[in-house]
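As written, the chains take the letters A, B and C, and residue 1 is the first residue of each chain.
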Amino acid sequence: MTRAESRRFSLAEIVAQLGGELVGDPDFRVRGIASLEKAGPAEISFLSQGRYRSRLRTTRAGALVLHRSEREASALPRILCEDPYAYFARLSMLMHPPEQPQPGVHPSAVIDPGARVARSASVGPGCHVGKDAKIGERVVLGSGCIVGEGANIGDDSLLHPNVVVCRGCAIGRRALVQAGAVIGSDGFGIAMHEGRWVRIAQVGRVVVGDDVEIGACTSIDRGTLDDTVIEDGVKLDNQIQIGHNVRVGAHTAMAGCVGVAGSAKIGRYCTIGGGAIILGHLEIADHVHISAGTLISKSIREPGTYTGAYPFQNNRDWARSAVLLRNIEKLEARIRLLEDATAGRKEDKEDKEDKEDKEDKEDKEDKEDKE
Amino acid sequence: MTRAESRRFSLAEIVAQLGGELVGDPDFRVRGIASLEKAGPAEISFLSQGRYRSRLRTTRAGALVLHRSEREASALPRILCEDPYAYFARLSMLMHPPEQPQPGVHPSAVIDPGARVARSASVGPGCHVGKDAKIGERVVLGSGCIVGEGANIGDDSLLHPNVVVCRGCAIGRRALVQAGAVIGSDGFGIAMHEGRWVRIAQVGRVVVGDDVEIGACTSIDRGTLDDTVIEDGVKLDNQIQIGHNVRVGAHTAMAGCVGVAGSAKIGRYCTIGGGAIILGHLEIADHVHISAGTLISKSIREPGTYTGAYPFQNNRDWARSAVLLRNIEKLEARIRLLEDATAGRKEDKEDKEDKEDKEDKEDKEDKEDKE
Amino acid sequence: MTRAESRRFSLAEIVAQLGGELVGDPDFRVRGIASLEKAGPAEISFLSQGRYRSRLRTTRAGALVLHRSEREASALPRILCEDPYAYFARLSMLMHPPEQPQPGVHPSAVIDPGARVARSASVGPGCHVGKDAKIGERVVLGSGCIVGEGANIGDDSLLHPNVVVCRGCAIGRRALVQAGAVIGSDGFGIAMHEGRWVRIAQVGRVVVGDDVEIGACTSIDRGTLDDTVIEDGVKLDNQIQIGHNVRVGAHTAMAGCVGVAGSAKIGRYCTIGGGAIILGHLEIADHVHISAGTLISKSIREPGTYTGAYPFQNNRDWARSAVLLRNIEKLEARIRLLEDATAGRKEDKEDKEDKEDKEDKEDKEDKEDKE
């Protein structure tokens, strides 16, 4: 579970592995990556946003990753590329590969006789792997992980400690699951019957694709009749709730504290900001970007960025704004009165009729919005 | 923890158990439930909302559950009832009853000699049951569950893996607790003293009634001096936070990601939408419905539905709206100027006085609101 | 983990330990603390807020803690002090000290041979302490806690069950960590590269100061290159998410369900209300108070209270307000038209120019706001 001590890499080695154009000494060796502010002479740094350009003058880094257009922005040994931030990401994984623990099952782990655990897998102390569960090649189960009956963990997946994968659920290859995540809890399905809530059996599974990341304390509910589906390459941060029967499209990323209610269908390549809430039984198109703190209450059919966050103020200003907002109907009524008074004076009948037409149209749009 | 393979049920058996009026072959057998879209010929489906009625024509289901008024809507064998959705819920539990694991304590579980575990209970691998704790009849503790000193788990309750029930807390009968939930964490009680936070001892318990469900990664704090109380039939989804000294009235249901601050008293038969935040030291009447994403900042005395969510827009429109909202006082000032100008021209003094009276009244209401 | 049965304290003993002025019988003994409403004759109660003063007449408490100004408010034996609420906090800890479990490592716990566990520490059933980890004097690890390789738990810290402290992270002295918390999960660092998310290695740590509390199911991510830092005396409630590279200043307190995105720097002595979301890469000054449910989208340089919560209404009123809010640009346009009409009639050119100047200035401010 620990990362190997990073070894020194020459710039030539780095470019050979990751591409980019090298300017300067190919034999210059770096042993780590750091920010422009904190890097020392044995470290490589990068500039991904123009607003930090001034830091190039003061950095103590030994080498740099820069955009092609910044070729002359520094005299340090440097690698030029199209996207320094993505280059930094790939370089970080090259220099800090996850350490592979020794294969084998810790003697304190409980493996059901009917489970299949690959010889190359590593199962930590206190794990429990249930009947008919399958643990793939090179999988790492951190301490205290629980893999329910019939569940399947794909090759090369890494589960941090205390992850629970419930009965029958399937995780793809190369998953990275942070501590305390729960995959396959029962969905929240209840119906009122004679004054009491009756439970609805949740007999679907959670099916997770390849290359998915799931954050700490994140929970994903199993489907009711069908499955909850997390497609390939989805990235979920911590403290996220995914309801039953949800489908999250490939390569969509969600920041922390997002809640997705049951049966929502979210497209591919979407990004969902922290704390956003997506209501249930709606659809979100591919390439939709939801801002942090936004409540999505109806389907979104067009790509784009969508926001619905109350702008914060100092508390006194907010209190006055909030009162006016809550009484915004009264503001509108006052405007209407003024318009009537003005129009009356003007005797400009045509003008007024135009306005009314416009308002009718607005009202109609608004009504549609509310549905 | 797994569900029994569902056996085939004849429609006559179903009606004998759950009621309803049978139209068609009483010996027709179904082996599962599915949606109208996905059901096959050996499955029963249901229509709960009129907007899916067109699917009755295309479904491949073998039998249906319909509202009494839909008697002629299909020629398939069908069960007519008052509430097809509740019928579906009950039918799902009839056809997919939770499988009861073998009674007994797994050898890797640690049971304090002073604990009492019913012979009919099933305690999974890696569980820990503390001193003086009591595990009732037919209780199932999933792998890795921890039941603290003196805690009590009522008969027929099912705790999924890695649930923590802290010292002294009491869970009623037939509870269903999802993985990773924490019941009885210390409440967040602190007081500032000489520039440092001083902790307040949290010596109350959490007391949970019968037939309660608690979602994955949900946390319920113990009371400070008195108890935190979750009454009978309450249903809590995943990722919910219930603060200390809260009381949640019977049969109230909360969707995922709700936060309830300390000492809030929530009535019976309420529903709280996903991501809503209920502030502390307030009261919510019975039969109150809070919309998703709403912040409740003062008591609600009347039943009804309450909402406070910012309507989302595309980001550019939102940015302009947000600026105007933050400056809504300026809009109001402009209206007031226009009103003064119009009134001045009119020389209609009485009119103006009326308006001022009205505004005084509004201001007073608003001030009350803010308290 | 359990609290000692509270013994009886004389008022003289209490004042000797905690200060304050005693009025009445110094030998009067109390055996517990309770609210004014619930206290019995052997219990001491307190009045911290004026609005409960009427309860002094009806309380059955045997003794009271009051503000110095309330000296004559009751005839009961009483302790007078500057801050009855803080006194109550300290008294609660005096009367209900946490019970110290027996030192020692439970036989079911797995301790790596390279780990150092103080003899005075108590390690519960099913714990796992990794290689090179260090468990300080009198530390208590509840059942199922997992302390990763090289992690460090400071003296006198108490971890409730199922807490995960990941590889290399450091917790200070006297920490109190509630069940299910995760400290040191990988940060959410990803970069898009050729249509796929590439992971960014997270090689920093979480460093937690002294006297910190961390709530149930709360997660704190490790830093990317540098560390995530939680300074001394910080108090975090349940279900909180702290992103990578965040710094939380000393003695800042956050209520439940708060989310803090990566690289945010939060000052000292701040309070953050429940469900608030703090976006990343911003700074918040010392002594800033964020209201519940508020989204903070830019840096806050000045102490004060900041709010951005949509005021809730009954659903019908909200629906109408929300439509007007979403169309607030149209309201503004209507006001502008009226202003033009009025100004036109007035022929008051100077006035209009003044107004335009003012609007230009507003626009400029608003544009700044949006950045």
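Going forward, a residue touches a chain if its C-beta (ideal position, glycine included) is under 8 Å from a C-beta of that chain, and two chains touch if they have at least 3 such contacts.
Keep in mind it's a predicted model, so treat the numbers as computed, not measured.
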item: Overall pattern in which the protein chains touch one another (line/ring/star/complete/other); value: complete
item: Type of subunit B:subunit C copy interface by residue overlap (half), same or different; value: different
item: Rotation angle superposing subunit A onto its copy subunit C by C-alpha atoms, nearest 5 degrees; value: 120
item: Distance from the mean Cα position of subunit C to that of subunit B, given in whole angstrom; value: 25
item: Of all residues in subunit B, the ones touching two or more other chains; value: 108, 126, 144, 162, 180, 217, 239, 257, 275, 309-311, 313, 319, 323, 325-326, 328, 331, 335, 338, 342, 369
item: Touching residues on subunit B, where the partner in the complex is subunit C; value: 108, 110, 126, 128, 144, 146, 148-150, 162, 164, 166-168, 180, 182, 185-186, 188-193, 195-201, 203, 217-219, 221, 224-226, 239, 241, 243, 257, 259, 261, 275, 277, 279, 290-291, 294-297, 304-311, 313, 317, 319-321, 323-328, 330-331, 334-335, 338, 341-342, 369
item: Subunit B - residues contacting subunit A, complex; value: 1-3, 33-35, 38, 83, 85-86, 88-90, 92-93, 95-96, 106, 108, 124-126, 142-144, 160-162, 176, 178-180, 211, 213, 215-217, 233, 235, 237-239, 251, 253, 255-257, 274-275, 292-293, 309-315, 318-319, 322-323, 325-326, 328-329, 331-332, 335, 338-339, 342, 346, 362, 366, 369-370
